[in-house]
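Listed below are the structures to be examined.
Consider the two complexes below, in which subunit A is the common component and subunit B and subunit C are the respective partners.
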Partner chain A sequence: MLRHVALAALIGISLVGCGPSEPKTAGGPAMLRRLTQEQYQNIVADVFGRGINVGGRFDPLVRQSGLLAVGAGNTAMTVSALDGYDGIARNVAKQVVDEQHRGWLVPCTPASVTAADDQCARAFFTKTGRLLYRRALTKEELDSQVAIAAASTKILGNFYDGLAGSLSAMLVAPEFLYIQDTVDASGRLSGYAKASRLSFFLWDSSPDDALLDAAEKGDLDKASGLKREVDRLLASPRVEQGVRAFFADMYGFDGFETLQKDSLIYPAFGLATADDAKEQTLRTIVDLLLTKNGDYRDLFTTRSTFVSGALGMIYQVSVSNPEGWEPYTFPEGDQHVGIQSQAAFQSLFSHPGRSSATIRGKAIRELFMCQRVPDPPANVDFTLVSDVHNTVHKTARERLDAHAADPSCSGCHRLVDPIGLALENFDGAGQWRTQENGASIDASGEVDGMKYSDPAGLGKALHASPAISSCVVNRMISYSVGRPIASGEKPWVDFLDKSFKSDDYKLRALMRRIALADAFYAISPDTAKGAQNAAAN
Partner chain B sequence: MKMSKTLILPALVAMQCIAPAQAKTLGFVVPSWSTAIYETKYYEECPEGLALGNDELWWKGLSPKDRDRLTNGGEMEPVDPPRRPMSVLRGPNKEDVCWNPTIVKDPPLRMVRGKTGLGLNLDGTQDGAATAKTCKHEKFTTPDGKTKVDNQMYRLIGCVYGWRKGEYIEAHADRERRDSSVGIMLLEVADVDNEKNDDNVKVTFFSTHDVLPKDSTGAILPYASYRVADMQQYGAVAKGKIVDGKLITEPVEARMPLYGHQIMGEMYYKDLRLEMPLTASEPGKPINGLMAGYYDFDSWWQYIRRIESVLVTGQWSCPALYVAAKQMADGYPDPKTGDCTAISTAMNIEALPAFVVRGDVKTASAGGK
Partner chain C sequence: MIIKSSAKFSRRSALKGLVNGAVVTVALPFLDCFLNNSGTALASGAPLPVRFGTWFWGLGFNPGRGVSKKTGAGIEFLEECQPLVPHRDYINYFSNFNTPLDGRVTLVHFTGWVGCRTGSVPQQVTDIPAPTIDVVVADQIATGTRFRSIDLTATGNPRDSYTARSTGSRNSAEVAPLSMYAKVFGPEFADPNSATFTPDPKLMARQSVLSAVGEHRQNFMKTLGAADKARMEEYFTSIRQIEQRLDLELQKPAPLEACIKPSNPGEQQVGTELETVLNVHKMQSELLALAVACNQTRVFNMLYSQALSTLHRRGEAFIHHTLTHEEPEDPKLGYQAQVAWYNVKSFEAMATFINAFKKIKEGDGTLLDNVLIFANSDTNYAKMHALDGIPVMLIGKAGGKIKTGYHITGNGDPISRVGLTAQQAMGMNVSKWGTASMQTSKPISELLV
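Here is the complex of A and B:
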C-alpha cells in the first residue's frame, strides 16, 4: 500500500514537471524607459526613507499599447521637463543632508563641516550612487561625484550643501532617470539590467542591495540564483506596490488626476471620494489577488471590498469608522458585484455630469478585454445622447438606440453599448439608481454571446470570457518588459496564457512565471548591438 | 429517539411563528434645530414691541457725562469693545448682570401676547390649568386652529429680536454647529417592522463627535456614518410608534448636546417627545420634525448666561429674561416651593438620513429613503 502511494506521488510530481516548457523566443528590443513619477517616489522612499518629500509633477506619459509603462519607453525629455526634474532633485538632495536626516543618510561625519571631505563624500556616493544608478558606479563616475561635491563645498562653504549639489546632479542624470536595458558582450541583458527589470516589474522600484549583490555575483544568470531572488521579491511586502502600479496603469487610473464631477449633480462625490474610489479598487485587487491569492477572474464577480466614510455615502452603507478603511462585503442580491461596479470605474468612465454607457462599454472592451474600439468619427452629433432630460427618450438605452440608428454609428455602438448599458444602474458618480427620468432602467444585454439581465450578470459574463484572462497576461508581459509584445514572442504569450489557466488564474503564479522566463530577459540580436554600443559609451 | 411526524409538524410551525421578519433600524443625523417661533408680518404677537436690549438699559442708566466719557463722546458703537463687555457690568458694584440676574431690577420683558403658537400639547389639558406635573399657564392654538399646545419658551423669547426667525442667536449657532460639527444630535429608530405603520419602535437620542460631511455648497450630505459619542449623559431611549409614516414618541427624559456662540451646553428635557415623518419629499433630502418637552430651567440658564457676548446682537436683558423665565416656567413644580422648574418648549428640527454606528455594530440602515 505504502509503495503504491509513494509511486503515485512520484508520478504526480513528474507529471507536474512534464508540463509544456517555455518556448524559445528571440526577445524584443532593448529599451530606455523614463522613470514614472511613482517609480521616482518609490526609489527616493526606498533609498532615503519615507520622510523625504518628493514634490513637483512630472510631464505626463503617453499611453501606448494600452500602457503608460510602454509609453515611458517612447518619451522625449524636454527642456521644461528637465527643469522640473532639476527642481525636484535639488529639493530631495536638500532634505537628505538636512540636520534631521544627515545623521542616518550620510554614513560618515566630515572632518570639518565647512570644508570638503573627499573620503566621506566617496563613502556616501559609493553606497547611495549604487542604489540610484542601479549598478556600481565606475571609478570615473565616483571620482566625478566626489569632485563635484568638493567644488560645491568650496563655493558654498558647507560640506553638506556641497554633497547635496553633487547628489542633485546625480538625480537628473540619465543613468538615474532612465531604466536602461544594457547588454553584455554576448548580447544578453546584463546582470544589473536584469535586476532592474525584475525590481521595476515586481516592486515598481529600483533593486535593493541584495538584488544588486546577486546581479554582481552573476546569480541572476543561474536558474537557482534567479529563482531565489524572484521568490524573495515576490515574498516581500513591496510586491503590493508593484501590483498596484500595474493595475493602476492597466485600468487607466491616471485618469483620476484630471477627473472632474459636477458637484451640483453629484454633491456626494468630492475630491476625497475620487481618491477613495481609486484606493478602494486597488485594495480590492491586492486583497483578492495577493492576500487571498485568488482567481483573477473573480475581480469581476467579487462582493468583497473595502469602504471609507466617503464611499459609504456613495454606496449608502454603514461605515464603522468614517475616518478610516474597513472591509465590506455587499450582501447577496446586491448588484455591487466586481470592480466594474465600484465607484472608481463608474466615475472614471462617465462624463462630469452624466453616466455614459458608451464610454463604460469601450473601457471594458479596451482595458479589461484588450480589444480595440475605434474612436467616433469627428462629425458625429451627440446632441440626443447627451440630452439626459429628453422627455421622449428617457433612458440612456432609448437615446443610444435612436442615436445608433445612424449606420455610421451603429457598428461601434453594437460593440460597446450592450456592455455599458448593463451598468446604467450606476450614475456618473457610481451611486445606485433604478430609474432615469422616471423610467425604469433596463440593464440587460449580451457580451460575446453571453446574455445577462443585470450588472451582476455582466460580472459573470466577464468572468467567463477568455478575453479577460488573456488580456491581463498580455498586458502584464508588455508592462514587465516596458514595450509592446514583439511578433516573435507570441508563442511565449500563448504559453503564459495556458499556464495562467492551469495555475487557476493566480496572479502571483503568473508574475513568477514571467520573472523566471528566459523570454523576460531576452533581447533581440538586432537591437542588442545598439544597446552594447550605448553601454560602452 | 426517532422523532415522529406528529412532533415534527408543530416544531416546524413553531419555528415559523418565532421567526419574524428582520426588523429595521433607521438612522438620522440632526444638524439643525431652532425654537419653534410663530411670527406675523407686522409683529402682532408682540403688541408692546420688541424686548429692550441690555445696551439700551445700560445707556439709560448713565448720566450724560458718563455717556460721553464711556463711549468716546458717543462714537463707540454698542458692539464695540469695551462698550459691549462693560454694558453687562450693570450691578451696583459692577457685577455681571447675566451671572447675577437678580442684582438689578430691569423693566419687565416684553413677551408674546398672541394666541397662536407652535408645539405639542404637553400637559394634555385644553386650558393650561395646573396639574400634578404642571403650573397654570396659557395655551397656544396651532395656526390651523385645531390643537391647543404648550410653548412657554416661545412666549418668553418670541419678542426678543435676536431669537426671531432667521436672526442672529439661533441662526448663527446653527451655522456654527454645521461648520464645526460640534453638538450634533443623532436619532436611532430601532425595531421598525413597518416604516408606514408600526405600533412599537424604540427611539434613542445620541450625540456624535464625527465630522458632518458637506458638498461643495456647504450642504450636509445624507447617508454618512456617524459613531455614537461615548458620553454617558446621552442615549435616552423613548418608546414610539409610526402612524402613516410619521414617527411619534412617548415622553422621555433626555439630555442632548447644545453648542452655539462658542459655548458648549446641554439641553436637559423632561417629557421630551418627537414627531417626525420618516421619509423626505425626495430621497436624501432633509426631513422636518418637531421636538417638544419641558426644558429644565437650570440647564437652559446655564447656557444663556454664558452667551452674554451676543447680548448686543440678540437684544435682551438678562435680569428681565431671568425673571420672566421663572414666571413662565410651567413644568415640574418644585415640591417645596410649588414654583415650576422647567419651561415648555418646542423645537423645529431638520434631520437627514444617516447611519448611526454603535461600537462595532453596523446594523443600521439610513432612514429617509
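Here is the complex of A and C:
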C-alpha cells in the first residue's frame, strides 16, 4: 500500500504547477496553538517509538469556525488541563528511561546510576530536545535541562529518574505543548516555524530531523528547497496520518469519543462498532484520496470501502475475517453509496435510540458544505410533532412536515430536512430499513435545485454541488494555518478553489498547492510585530 | 537558567533530610484541628471553612408541577420536586427572576445557564461573556487546598461542564468516579487523621521540575503578542497552582474530624443511559463530599445532565430533550408524562447530592451547614425554551451566613440577583454583579445574615 501512496503522490504532484499564478495575500495573525491529543501522541511515537504508551487525560479542545484546529489557537490552559498534561508527561518520561527502552532511547550510559551525569544528560537532551521543541535548544535551555536532571537525581538518588524528571519538564513546557508561529526580525515566519507549519499540516506531527536541518540551512526560504521538502513529506507514508487527522476534524469525528447507542434498540451496534465505523470512513477516505489519488467528490458516490466483523453485522454482509479488515464494494443498485451512507455518519448524527433527519441534514450542510444552519428559535411549540408510534404521522417525514408547518421553523427545516430525510432508510445505527412504523420511507428530496429519489441520488447531488468542493478547500486552508481565513486571504481561497477544479479535485494536489504557497507562510504585518522573537531560531 | 536554589528545597525544616532518597516520617502537632467548645469554629478561633459549589440539571420542570406559588418561609415542593422535601429547610428557591436579553437572540439551552452563572448574556453559542460564579468565588476562597476546584459530570462527556473563566478557558470535567478517586484520594493523598506523615521525595522532585518550567515565563512571554500573553498567563498561573499543591502535599495536613478516606469505587460504566448516570452521579457525589470534608477543595461543580439533556432510558427511542419538545401533553394528566418522569429523576439526583453533604458530620452540624450550592437549570418550561423564571436554588447554610427554607419571588428582576446574593453569603466584598440589564447591586438581603 505504501508503494501505491508514493506513486499516487507523484501523479498528484505532476498535476500541480500550471494555470494562473497564486495571488499575493497579506497573511493572517501569528498563532500559538495547543497540540491536539493526536499530535501529542504522534510526536511521542515519532520521537520515542510506538512502544511508549501515551495514556492519561487530555483536555478537550473547543470547536471554533468548524474546526478543533482553530479552537486550539484560542484555548487556555486551565489547571485541570495542565494537571492532565503533567500526568501524561511523567508517564511518558518514566517509560522512556525504563529498562526496556533506555538502551536505545538514551544515547549513553551514566558513569554511576546513583549520581548525576551531566555529559550523558546533555547528550540526551541535545538530540531529543530538538525534536520536542521543534528547533535547536539554546545553550541556556540545554544547561537548564541538564541542571534539572542533576537536581532531580540528587533528590531521587537515581540518574534515570532524574533524567525522566527533566524530560517531563520539557513535555509540559509551552515550547512543546504549543505550536508557536515565531517570526524573524523582518516579520516573516521563521524557518523553524515554517517547518512546524508544514509537518503539522501534512503529517499531523512535528518536523523530523531532515526538515529541521532544512529549516536550519534556510532551505525553506528558497523555492527549490521548499519544493524538495514538501514533495518529500507528501511522498511519506506519514501523510496518511495527516489526512486522517484533517478529515477526523472536519467531519466532527471527535464525537465518537462519547458516542452511545441503546443496546436494546440497536443490539448489533456493539462496543467495537463505533471504533470500526470511524475507521471504515477514514480508510475509505485514505484509499480514494491518497492511494487511488481520486476525485474528492467521489467520496459521496463511492461504493468501495472496507468492512470489519462488527460492521458486517450492521451492513448484513459476509466478512471472511471477522478479526480484521477487508475491502468491500457494495453492488450496483445498493443504496450504500458514499461516506454519508456509512455507519460512521449515520450513527454519529443520530440519537442513541433513533435516527434524526434534522441532525443529519444539519451535519451535511455544516460539515460537508460549510453552510451555517441558524440556531432554532426559542418559544417554539413542537406539539405537532408526535412520537414514533403516532398512528397519524408514522414516518419522520410526516412528523417533520407537520412540525415545519410552523412558519418560524420552516426556514431552517427547508434547508436540512430534504437532505436528512433522504437518509431515513438508515436507522440510528446505520442499518438499512425500508419502513418505519409499517409505512414506507420516502427518501426523495432536493438539495440546491438538484432532485433525487433515494440515498444514492443524494450522493450524486452532493457530488455535483459546488459547495462540497469549495468547503474542503476552505476547511483545509483554515486547518493548515490553525485559524479562520483572514479577510485579505479571499483571493487565495478563490484561486485554490479554481485550482482544485483544474486539478480534477485531487486532494494531494490541493495539499501541495497550499504547502508551496507564499500565502501559507504569510504573517500579517500588524501581528508579526507583536510576535517577533527568537530571530536566532 | 539555574534550577531552584537548595534553600527552597530545605525551607520546611520538618522535611530536613529528605534529599538523596532518604525518607523521614514526621508526626507534627495538631494545630487548629480541634474545634472550640461550641463546635462552630476551629480551636484557633478561625471559623470552619465555607465551601462553594454548583449543581446543574437540564430542562427545568413542567409548569405548575415543581414548586407552588406560595412564597416566603416554607417552600412547597410539588410533584416533580418531591424528592427535595426532606431537605427543604436547607434550600432557598427562587422564582420569577428573569434574563433580560438587551436585544440579543435567545440561544436555546445556552443563554439560560450562561446568564444564571455569569450575570451576562452571551452573543453566540460558545461565548462565555464573563467568568462563571464558581470561578469568581474560587478566586477569593480557593487557597490552602490541593485543588482549586473539582469539576464533575455524570454524563460521561468531559465537555459537559458549565464552569469557565472565558470562552477559551472552560474547565472540563472528570467523568469517571475512579479517575476522580485516583486524582483526589490516590497515592498523593495524605490522610489528615493519620498519626504519622511520610513525605514523598518524588513530590519534591516534581516541584523543582515545575518550578524550572515556571522560571521560563519571562523569556517565553516576551515572544508573544498581547492576546497570547493573556492566554499564557493562565498557563503559568496553572503551573504555580500545581506547585502550590505539591507544597501542600509535602506538609502534614491538619487533622479533620469529618474526613474519612473513601474506598476505591472501581471501574464504572459511564454514559447517558439513565441508570448509568444515576449510578455515576451518586458515586461522584459521595466522593466529592468526602473530598470537601477532607479539605481537598473548597470549590466544586457537579453536572447531572446537560442543558440539552441526552439522558435516555434503556430501550427507549427518545432522549429527555427530544421528549420535552415532541411528547404530547397527556390529555387526562394535562402535562408531558414522560418528561415529568425525567424531571423527578433530576430531583432525586439533586436530593442524593444534598444528602451526600448532609450525612457527613462536621462540628455541631453537618457539612451542609458549611457549604453553599448554587443549583440551576437552563430553562423553565423546556418545551418552550422559556428563559423567564429559570429555576435556581441556593442550598446549604454557608456557615450560618444565609437563612434557608424560603421561596423568594423576583417579580421579574434580573436573575443575577441570586448570584450576587450567593457571593455576599460567601463573605465576598462585592457590591454589584453582571453586565448590561443583568447588572445588579441588589442582593436578596432578607436572606443574608
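A few points about this structure:
The rule is simple: the second predicted complex is superposed on the first by the 505 of 537 C-alpha atoms of A that agree within 3 Å, B and C clash if a C-alpha of one lies under 4 Å from a C-alpha of the other, contacts with A are read in each partner's own complex, and residues count from 1 in each chain.
As a working rule, contacts are C-beta pairs under 8 Å (C-beta built on N, C-alpha and C of every residue); 3 or more make two chains touch, one makes a residue touch a chain.
Every value quoted in this text rests on a predicted model; they were computed, and no experiment measured them.
Aligning the two structures on subunit A places subunit B and subunit C side by side, free of any clash.
By the document's definition of touching, both partners, subunit B and subunit C, reach A:S263. Touch criterion not met for A:S21: it reaches neither subunit B nor subunit C. In the superposed model, A:S320 makes contact with subunit B only, not with subunit C. Of the two partner chains, subunit B is the only one that A:G312 touches; subunit C does not reach it. Between subunit B and subunit C, C contacts the larger number of subunit A residues. Contacts of A:L32 after superposition: subunit C is touched, whereas subunit B is not reached.
After the two structures are overlaid on chain A, the closest C-alpha atoms of subunit B and subunit C sit 11 Å apart. Overlap of the subunit B and subunit C contact sets on subunit A: residues 263-264.
Across the complex, subunit A is touched by residues 27, 210-211, 213, 215-217, 219, 221-227, 355, 357, 360, 362-366, 369 of subunit B. Across the complex, subunit C meets subunit A through its residues 1-4, 9, 18-21, 105-108, 125-126, 148-149, 151, 156-159, 165-172, 179, 183, 201-202, 204-206, 208-210, 212-213, 216, 220, 222-226, 228, 231-232, 234-235, 237-239, 241-242, 271-273, 310, 312, 314-319, 322, 325-329, 383-387. For subunit A in complex with subunit B, the residues that touch the partner chain are 263-264, 267-268, 270, 309-310, 312-313, 316-323.
Residues 29-30, 32, 57, 59-60, 62, 64, 74-83, 86, 90, 140-141, 143-144, 147-148, 150-152, 154-158, 161-162, 165-166, 168-169, 172-175, 180, 182, 257-258, 260, 262-265, 351-354, 375-383, 385-388, 399, 527, 530-531, 533-534 of subunit A are the ones touching subunit C in the complex.
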